[in-house]
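The same chain A turns up in both complexes below, where it pairs with chain B and then with chain C.
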Partner chain A sequence: MLSSKHFFLLPALLTLVAIILFPLLFTVRVSFSSWDVFQSGLDFIGGSNYVRVFADDRFWQSLQRLSLLSIISVSLQYTLGFALALAVWKQVRGGRLLRVLFLIPMMTTPVVMSVIWRTVFHESLGPVNDILSAFGVGPVPWLSSATGAFISVLIVEVWQWTPFMFLLLLAGLVSLPKEPYLAAAIDGAGTWRTFWQVTFPLMAPITIGALIIRLIEASKIMDTVYVLTSGGPGTATETSSYYIYIRGLRDFQIGYSAALSLVYLVIMIISLTIIAKLLLRTLVGKDE
Partner chain B sequence: MAKIVLENLGHSYLSNPKGEHDFALKPVNLTWEDGKTYALLGPSGCGKTTMLNIISGLVPPSHGRLLFDDQDVTSVPTSARNIAQVFQFPVIYSTKTVRQNLAFPLECRGMTPSKIKQRVAEVATLLDLDYALDMPARKLSADQKQLISLGRGLVREDVSAILLDEPLTVIDPQMKFMLRRKLREINRQTGMTMILVTHDQSEAMSFADEIVVMKDGLVQQSGTPEELFSQPQNDFVGYFIGSPPMNMITLEPNLGSLSTEAINLTKPLPAAMPVGNNVSIYQMGIRPEHIVMVDKESDSIGKGTIIKIEHLGVDGVVTLKLPTGVIIKAKTRKHTEMTLGDTFGIRVCKKNALLYIDGTLSSSLN
Partner chain C sequence: MNKFYHTLKTLFLLGWSIFVVFPFLWALSTSFKDANAITSGATYIPWVDFEPSTQGWTSLFTNGSQGINIVGPFIDSAAVTLIASLVSLILGTLAAYGLSRFEYRLGFVKNADITFFFISQRIMPPIVLAIPFFLMLKELGALDTIFGLVLVYVALLLPIAVWVMTDFFAGIPKELDEMAMTDGCSPIGAFFRVILPNSVPGLVVAGMFCLIFGWNDFFFAFTLTFTETQLLPVSIVSLNSSVTPWWSLSAFALISVAPLALVAIVVERYMSRGTMSGAIR
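Presenting the complex of A and B:
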């Protein structure tokens, strides 16, 4: 029965409908239309947008690139973040100051930061090549070669998001129980064994959470690519979201980009669910 | 195996302790014989865990020395100290199987695989964990995990003593009983010294050959369970050991003896009577178990009216109000035949009524 108390749910429900449900359903509808710059409006062309998606090599390449980029960058962020967290975990001199300093990259606006990095990597004016030339290393084509641009995007991603990993992992480390460490000391385990047998397994749940959150975020990468390389040179750093942006908001193929978005969404949901399950199985051992 | 000697051993967590109250463990001298079982008993925050952590080397003591077999180990690190410790919460290496867990301390010490295999098999048999050796350790129940923690200590041949820091707290009541029996069994079979920290007196009484009762960082009494029960050295031990606690009845000095209106039982007055403001408090301590309730009031030392009856199965605890308003408790098996408001005579064997002066047992006058 509907009673007065249910009306209190209305503001939340309306917000949900407005910001999630309506856009989602509308995108689904749009994806079955040929809405573009010549023909605006909702007609119905069946699944032909989807047929086009499956034949679009550029989209699948961007997805591959995105997978590679997010897996490498998140792995590096995790390793570096864990190392930094371990470094300031134990009482060290100036630890509090270091913690704040480590967090600065995360606080910066991605676009602003990317502009700064673009300057840093600038092949003739940027400081990186200037410093490298002092060591006799010739000018590196940071943004004009395919590999260089990919590495540049990677460096910026790692630089910006390692602090986030650091923050999550440090919070995890601080909350670990003391007894396992005492037991390991009594069992005679050294630093290395203690890390692999005690710290790492105890951190597994936090590791999984941190990795999944970062993978979701990393697969949405857009602003860094937009400012730093604009997907180039060629399509060397073009990620899925950037390609969808090009199709939708630069070429105004609204119907087609809606189909791309939905395919991308489904692939992400499936692959991240599988990754989460795999991580859970290998790290926590929830196998039954 | 080793004899453990605490020589004036004390600890303060403050760098510059100003007085006795700054000590988590006040300096104490104790000797623990090889192969016996000991219990450190006391309320939370009394310094038992500090004492245990000093022995295992996790906390370096601020005062005194610790000797294992007459060797000074005060500054020897934990890993070199040949101590095993079981904690309140079972500690297992969750990614390893039971077998790998048991083998871990030996691997850390660089033993040969064949020797490790043999030791693990021996300990698994001792702990009845043979069947679970290849199971992931995290899948076991809490009591089995606690056995693994214990096993990691037993597997080492160099262990001087096993320290148990409230290891039964998280275990189910029935399993608790079995695990306690298992610990006793292992102690008999291996002859390993075991030191149990607990705040549960029945656990301490049933486990240990000797109990150390502590309060506020100070050792109150150390002795066998029988001694602690029959001759508690002070009112705290009388209160803490035994359930319900000892009855303490205040006595007044009167014509060369100590007596009370509540019951007709006197104690001789100590020779040196305190004078002036230093008036001592005299108390008679009687265990509820030593109070006999009789129908006839003629040969009893007093009478009381029942105000409460607690049923504990075979035994019952009866609360009696004496005519002077003093409340005492008695343990009896006839509680089912009694009703509230009944009046009974009280009989106590004189040797079971102990005299306490200012809370301390006066041995000469009992």
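Presenting the complex of A and C:
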């Protein structure tokens, strides 16, 4: 019995420990060293990398930007994804085609699509400004102005990941029980009231799950930014991951970027835990 | 359902559909353009707006200075994704089954903590692991190899497989195992003969997610490979930063995303049947 039970768990557990835990511990060790282009290797300089992190405005600004970007994009994805799921939920004619179509963006590679999006947003040769000019809207500096670049990243994120919300929420809608709807119909509740009093509360657990998964994934965003704007113009769309990437793998400040990435990880874990608890409390009305 | 609501819904679905297909149609159109059709401003419809040319597509299969070879990166991408997904699926399924059927205890660490340990890996930003992975693979001599990437991708995909399969097995009654064991099966035999054949829907969903996240990863491939091994996302990004013309880029992009767009058809089927709900909670 003992051996068969370990036959199941151990291979995966050991693999993950070997591939993740050791590198993570190594990062912790590196963060206390001054490893950079000039001095490679593990010396010990105490916590001075961490002191530097706390005075690094560019890092904290990237974190603010990341929070803003994730919260806005995930809220939009959730609202649109839920609306789409409700719209095709009972759609019979052409429903299958629409569902497949709406799922496709999440299956596509973010960086590959970003290459396309760059041509779409191109200021003089791209289609967006061309179409807008037909309505008399002047050339919008999509990728060369701070606001334009931020909105472009937002649009691409919404395009890419609304399907994920749509997938989870529609799968949830499909498996909802029928009885509460009968009861609501007997009460004479309209579409709007049925949604808020029956559908929305029943969907609360899936809502929480979907929001948290997306927030986790959004907090790592960097691929799209790298291709679409390279963090620019200036640092207008630089997210935390991208900034750490620049420090670590471009400037080769290994020790410092290790400290940055650990601070980032800890902040992510703490803030996502708080958000998860708040969501649980407001939507389900209980802790845990 | 009143008429106003119905019209609103139709407009919304129509608008969103256009938004979804727009970049694909634009890329498709661009892939048949030549320099004239691009530098004079946006053009859309072949034969009407511009004279189509197939150089975007032929350049992908030509070697040398005029061409960009897509075949090599495509094979590398497929190899890494398939091997890593398969390994993750096997290890993840075994672990998930173990966690759903047996009690593990390591000091204060119990089943729920182990499950959490697996799933919580998704929270790890790739950048945290990139540098140690780089040094680790260098140590192993596995930088710029398919083997090295597979190793890293297994770590990336294993949590997904465990996550989907744990929920799936929780929905399979334990009586099924017990019946098999009273029939004389060992626990391992019960798993392979009875549980596994009944787990196809879960395996398909878990496999899909592994394929999606494996095929679409850019960051690790970007930091851990250079010239010998090149995956599609990395190739297109390096093409993008050189002077590659739009028609080749567009054709390249369409070929890169085509295989997984087909996966959407399978995912839709499982989603509508409601098989997916178990995998979500």
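Throughout what follows, the second predicted complex is superposed on the first by the 273 of 288 C-alpha atoms of A that agree within 3 Å, B and C clash if a C-alpha of one lies under 4 Å from a C-alpha of the other, contacts with A are read in each partner's own complex, and residues count from 1 in each chain.
To be clear about the criterion, contacts are C-beta pairs under 8 Å (C-beta built on N, C-alpha and C of every residue); 3 or more make two chains touch, one makes a residue touch a chain.
Treat the numbers as computed from the prediction; the structure is a model and nothing was measured.
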Do chain B and chain C fit side by side on chain A in the superposed arrangement, or is it a clash? fit
For A:G188, using the defined touch cut-off, is the partner it touches chain B, chain C, both, or neither? Pick first, second, both or neither. first
Which superposed partner A:P201 touches (first chain B, second chain C, both, neither): first
Once the structures are superposed on A, label A:L280 by its partner contacts, choosing first (chain B), second (chain C), both or neither. neither
Of the partners chain B and chain C, which touch A:L132 in the superposed model: first, second, both, neither? neither
With chain A as the corner point, what is the angle to chain B and chain C based on their C-alpha centres after superposing, as a multiple of 10 degrees? 80
One more residue to check, A:I151. First (chain B), second (chain C), both or neither? neither
In the superposed model, does chain B or chain C contact more residues of chain A? C
Taking the superposition on A as described, I'd like to know which of chain B and chain C A:I71 touches: first, second, both or neither. neither
Based on the superposed arrangement, let me know which partner A:E179 touches: chain B (first), chain C (second), both, or neither? first
Shortest distance over all C-alpha pairs of chain B and chain C after overlay on A, integer Å, is 13
Can you give me the overlap between the chain B contact set and the chain C contact set on chain A? none
Which chain C residues qualify as touching chain A in the complex? 1, 5, 9, 12-13, 16-17, 19-23, 26-27, 30, 38-39, 41-42, 44, 91-92, 94-95, 97-99, 101-102, 104, 114, 117-118, 121-136, 151-152, 154-155, 158-159, 162, 186-188, 191, 212, 215-216, 218-219, 223, 232-233, 236-237, 240, 246, 249-250, 253, 256-257, 260-261, 263-265, 267-268, 271-274, 276-277, 280-281
Which of the residues in chain B end up touching chain A in this complex? 56, 58, 78-79, 83-85, 87-89, 91, 93-96, 104-105, 108-109, 136, 138, 149, 152-153
If you look only at chain A, which of its residues touch chain C in the complex? 1, 4-9, 11-13, 15-16, 19-20, 22-24, 26-27, 30, 80, 83-84, 87-88, 96, 98-113, 115-120, 124-127, 129-131, 159, 167-168, 170-172, 174-175, 191, 205-206, 209-210, 213, 216-217, 219-220, 222-223, 226-227, 240-241, 244-245, 248-249, 254, 257-258, 261-262, 264-265, 268-269, 272
Taking the complex as given, what residues does chain A use to touch chain B? 177, 179-180, 182-183, 185-190, 193, 197-198, 201-202, 285
